[in-house]
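Note that subunit A is present in both complexes that follow, paired respectively with subunit B and with subunit C.
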Partner chain A sequence: MITRFGQSLVDLSRGTRDLWQVYVSTLAGIIRRGRRPRGELARQMFAIGNRSLVFIIVTLGFIGMVMTYEACLQLSTVTGDFSQLGMQFIRLVVSDFGPTLTALMLATRVGAGIAAEIGSMKVTEQVDALRMSGVLPIDYLIVPRFLASIIMTLVLSVIGGTVMYLAGGLTAKYSFGVNPNLFFDLELLRLRHVGLFVVKALAYGAAIPIVAGFCGLRARGSSEGVGWATTAAVIGGSFAVIILDFVLSAAALFVFGGDL
Partner chain B sequence: MITWIGAATARIADEIGGIVVMTWQVLRAVIPPRVDTRELWKNLYKMGNRSVPIIVLTAFFAGGLMTLQTGPFVKRLGATAIAGWGAGYAILREIGPILIALMFSGRVGANNTAELATMTVTEQLDGLRALSIDPVQFLVVPRVIAMMIMLVALTVIGDLVALNGASVVGHWMLDIDWATMFHSFADNLKPHDFMHGIYKSFWFGGAIAVSSCYFGVTVKGGAVGVGRAVNASVVASAVSIMLLDFFITYLST
Partner chain C sequence: MSGYVEWKAVHKSFNGRAVLRGMNLAVQKGEVLFIIGTSGVGKSVTIKLLLGLLRADAGEIWFDGQRVDQLPERALAGLRRRIGMVFQSSTLFDSMTLAENVALPLRRHQGLSHTKAVAEARERLGAVFMAEHADRFPAELSDGMRKRAAIARTLALGPDVVLFDEPTTGLDPVSARRIDQLIRSLATTGITPIVVSHDPPSIFGVADRVAFIYQGVVHTLATPAELEASADPVVQQFIQGRSAGPMETPGF
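After this line comes the complex of A and B, so read on.
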């Protein structure tokens, strides 16, 4: 029992250290402008951004509809006053749900994709071939994905948040007859909410490819190893998003003195 | 452009059709219930017990987040008595089941696809067929049953942990009394809200199970194919969780 507990503790700390090393060497790779294939950044932005667009629109649209529906349902049984609904909804979408749910969806879609790709290259020894020809795998593979993911998570969060807000407004109108002028009211939105939106989207966008790339580079064995790496990337990515969300929300609460 | 749209439509139709066929095969295999009990117990342990730590951690932070989001508004109104209302209602009906199902799809669904896909590419499924054992009967049915049971069980645990997370965060970060918070939960949350979330998670479990098994069984190509299958499986699970969530909420009220 104690051995098992100690073993998992050692594994955990070793994993954290390796993850940190991947992160630092990615940053170093950006600064020192390591070698990467021409046009790779654009290709990754297409693979991460454009390819996820429909997925993000569908999932966030439906979750926006559900959330407004539930809120309306509860309000109609308790007070019947819908005047605060839209204002509170946009505040929550901008400061939390927009970037976080987009990033959770991207952690499954993009994180699994990156881990599967890098993991297959690792087990077919393409990563070792890169290293042999004097190219750092992190510069070549992770840096372009890191940059593309940061940009595209921000863009997709804006799109996802907008879709969520519009879908919520339409649900409120057609299911509960809430006046759209009342719903689409930006009175409670402050600059700090937008700032929080940007900070969260950037943090998630940085975390997802690092975790996924780390899991991909750790893949061992053959097809089983790739499957295991992809699973670990999905779990690690989603968990990182939830932890970052918690930390950033709590930090914002302290910075703005409870007036979030 | 048109070729691309056509190809994407054909691929999605192919996947949906395959998932429906898989559902039909699973249903036909359980109508006179013949389940391999050893395989079922193994999967129940592997999918349930081994996922408890990650589910508990996720649920705790998710619950805390809900208080962090609703807390400042409630405090500004000075109505801490309803602090548990917003947070608890959101946790029990939406955030709890959805987040736990997403983590479950990552932890168990993806793992399941990887396992079945590895068995497929190493031709173990063909081996079973050669021994005239139906792979759906032997491998898929116990997994589907295990995932449906275990996601419900994990959602029950997760909901309770999330409510505790909400009160811990409310106490340490927003100075809301323990007693106020728990009274507020007890006064505003009905058993119906809890059951609504549990009912959803039952169907989420089925959707995750069927799509993860489908992509595992139909994989092509070696290691690259396995990675791609896991990716497709988690995406399909996420989409079906969101769609099911909407339709169940809409139809059950």
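After this line comes the complex of A and C, so read on.
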């Protein structure tokens, strides 16, 4: 039992070290402008951004509706005062829910796709063939996805957050008769909330392809290995988003204190 | 006698399971060496260790008088220019045409422009009778055609040694014999082919020498004729493909 526990710790520390190496190698790949297929960045931006658009709009729209409905329900049974509802909601959407929920959705759709693609290449020896061709797999496979994910997570977070806010406003109006002028009030929104939004979106956008690429590159065997990599990428990516959310929110709270 | 390519007391394990247990093997320049053995015995591992695609746990690997098993990844680029590998599956990149696939190592290793590399790639594809398919994608071709294109990609850099990992597996007999011919013809041009194979017609029709790996070491190193005449019951069981016999096959 102790041996197994020790082995698990060793495996965990090795995994963490390898994940860190993938991250550092990706940054190094960006700096040295390593070899990657022509037009690959645009292709990846399309795959990550455009192909996730409907998914993000639908899921964040519904989440916005549910959250507002629940908030209105609670308020109506306690105070019946909806004056702060929209102001608080946009503050939450911008500083947390917009980028975080968008990233959680992307961790499933994009993370699984990246891990499956790279994992398939790994088990069919295409990654080895890249190395034989003098191409570093990180430069070729992960760097374009990393850059595309950073850009498109930010864009999708803006779209997702906007949809969430609008859906919440419509739900408040048609379910509880909340005046839209009252709901769509940005009085409590500050530049620091927008700053936190951007930082979170960029951090999530960076984490998802790194975790997914790492899982893909660790795929072994055959289709079973690809399946494992895909599952691990979804779990790891979601986990990374939640941990980053906690760390960045705590850091913001530390910097801005009660003003956040 | 030291070899052009040499494995010295090489050990390699995966998840605690020893695959190679002090394997020694020397390959001479210009000979066609076949590595044979049961599935999972470490044949592909042996050739991947030479290229640094896998790392040995212990032992030494030498190529042309230079120790290569400790080279860092960056230094391996030079080695991979001189030693090419044709993988078991064709490993062509699906998003590229055949010409672009063959051009990739030319661009990367020789620094050719895209246009020059693609032009050169078309010539290389012509050498394996694939020039007319240069603009097609791998998914549009048969296994044999993909394999030939993969060989063209490997030969594009003019390697001194070419490693083949089960080159005839999954091919029809005619395509398989054409691949055999190609391997044999490489040796006449000064290239040293090292071939991992299970295919008896290839082994006995093409090899100069055969290394039979069993229980993590080279059990027998012999010419095809010597191997056929061997009195060793393990060797006989393997080359005759008998299920009953003294050979231990883990997992069966």
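Quick note on the criterion: the second predicted complex is superposed on the first by the 260 of 260 C-alpha atoms of A that agree within 3 Å, B and C clash if a C-alpha of one lies under 4 Å from a C-alpha of the other, contacts with A are read in each partner's own complex, and residues count from 1 in each chain.
Methods note: a contact is a pair of C-beta atoms (placed from the backbone, for glycine too) under 8 Å apart; a residue touches a chain by one contact, two chains touch by 3 or more.
Everything quoted here is computed from the prediction, not taken from an experiment.
Of the two partner chains, subunit C is the only one that A:Q126 touches; subunit B does not reach it. Looking at the shared chain after the overlay, A:I235 reaches subunit B, while subunit C stays out of its contact range. Of the two partner chains placed by the overlay, only subunit C lies in contact with A:V135; subunit B stays clear of it.
Once chain A of one complex is fitted onto chain A of the other, the partner contacts of A:L73 are limited to subunit B, with no touch recorded for subunit C. Residue contacts after overlaying the shared chain place A:D11 against neither subunit B nor subunit C.
Ranked by how many residues of subunit A each touches, subunit B and subunit C are led by B.
Subunit A residues 124 lie at the interface with subunit B in one structure and with subunit C in the other. Residues 55, 58-59, 62-63, 65-67, 69-70, 73-74, 88, 92, 95-96, 104-105, 108-109, 112-113, 115-117, 119-120, 123-124, 222-231, 234-235, 238-239, 242-243, 245-246, 249-250, 253, 258-260 of subunit A touch subunit B in their complex. Against subunit A, the residues of subunit B that register as touching in their complex are 54, 57-58, 61-62, 64-65, 68-69, 72-73, 75-76, 89-90, 93-94, 98-99, 102-103, 105-107, 110-111, 113-115, 117-118, 121-122, 173-174, 222-231, 234-235, 237-239, 242-243, 245-246, 249-250, 253. The residues of subunit C lying in touch with subunit A in their complex are 48, 51, 53, 73, 76-77, 80-81, 84-85, 87-89, 91-93, 95-96, 104-105, 107-109, 114, 153-154. Subunit A meets subunit C in the complex at residues 35, 37-38, 124-126, 128-136.
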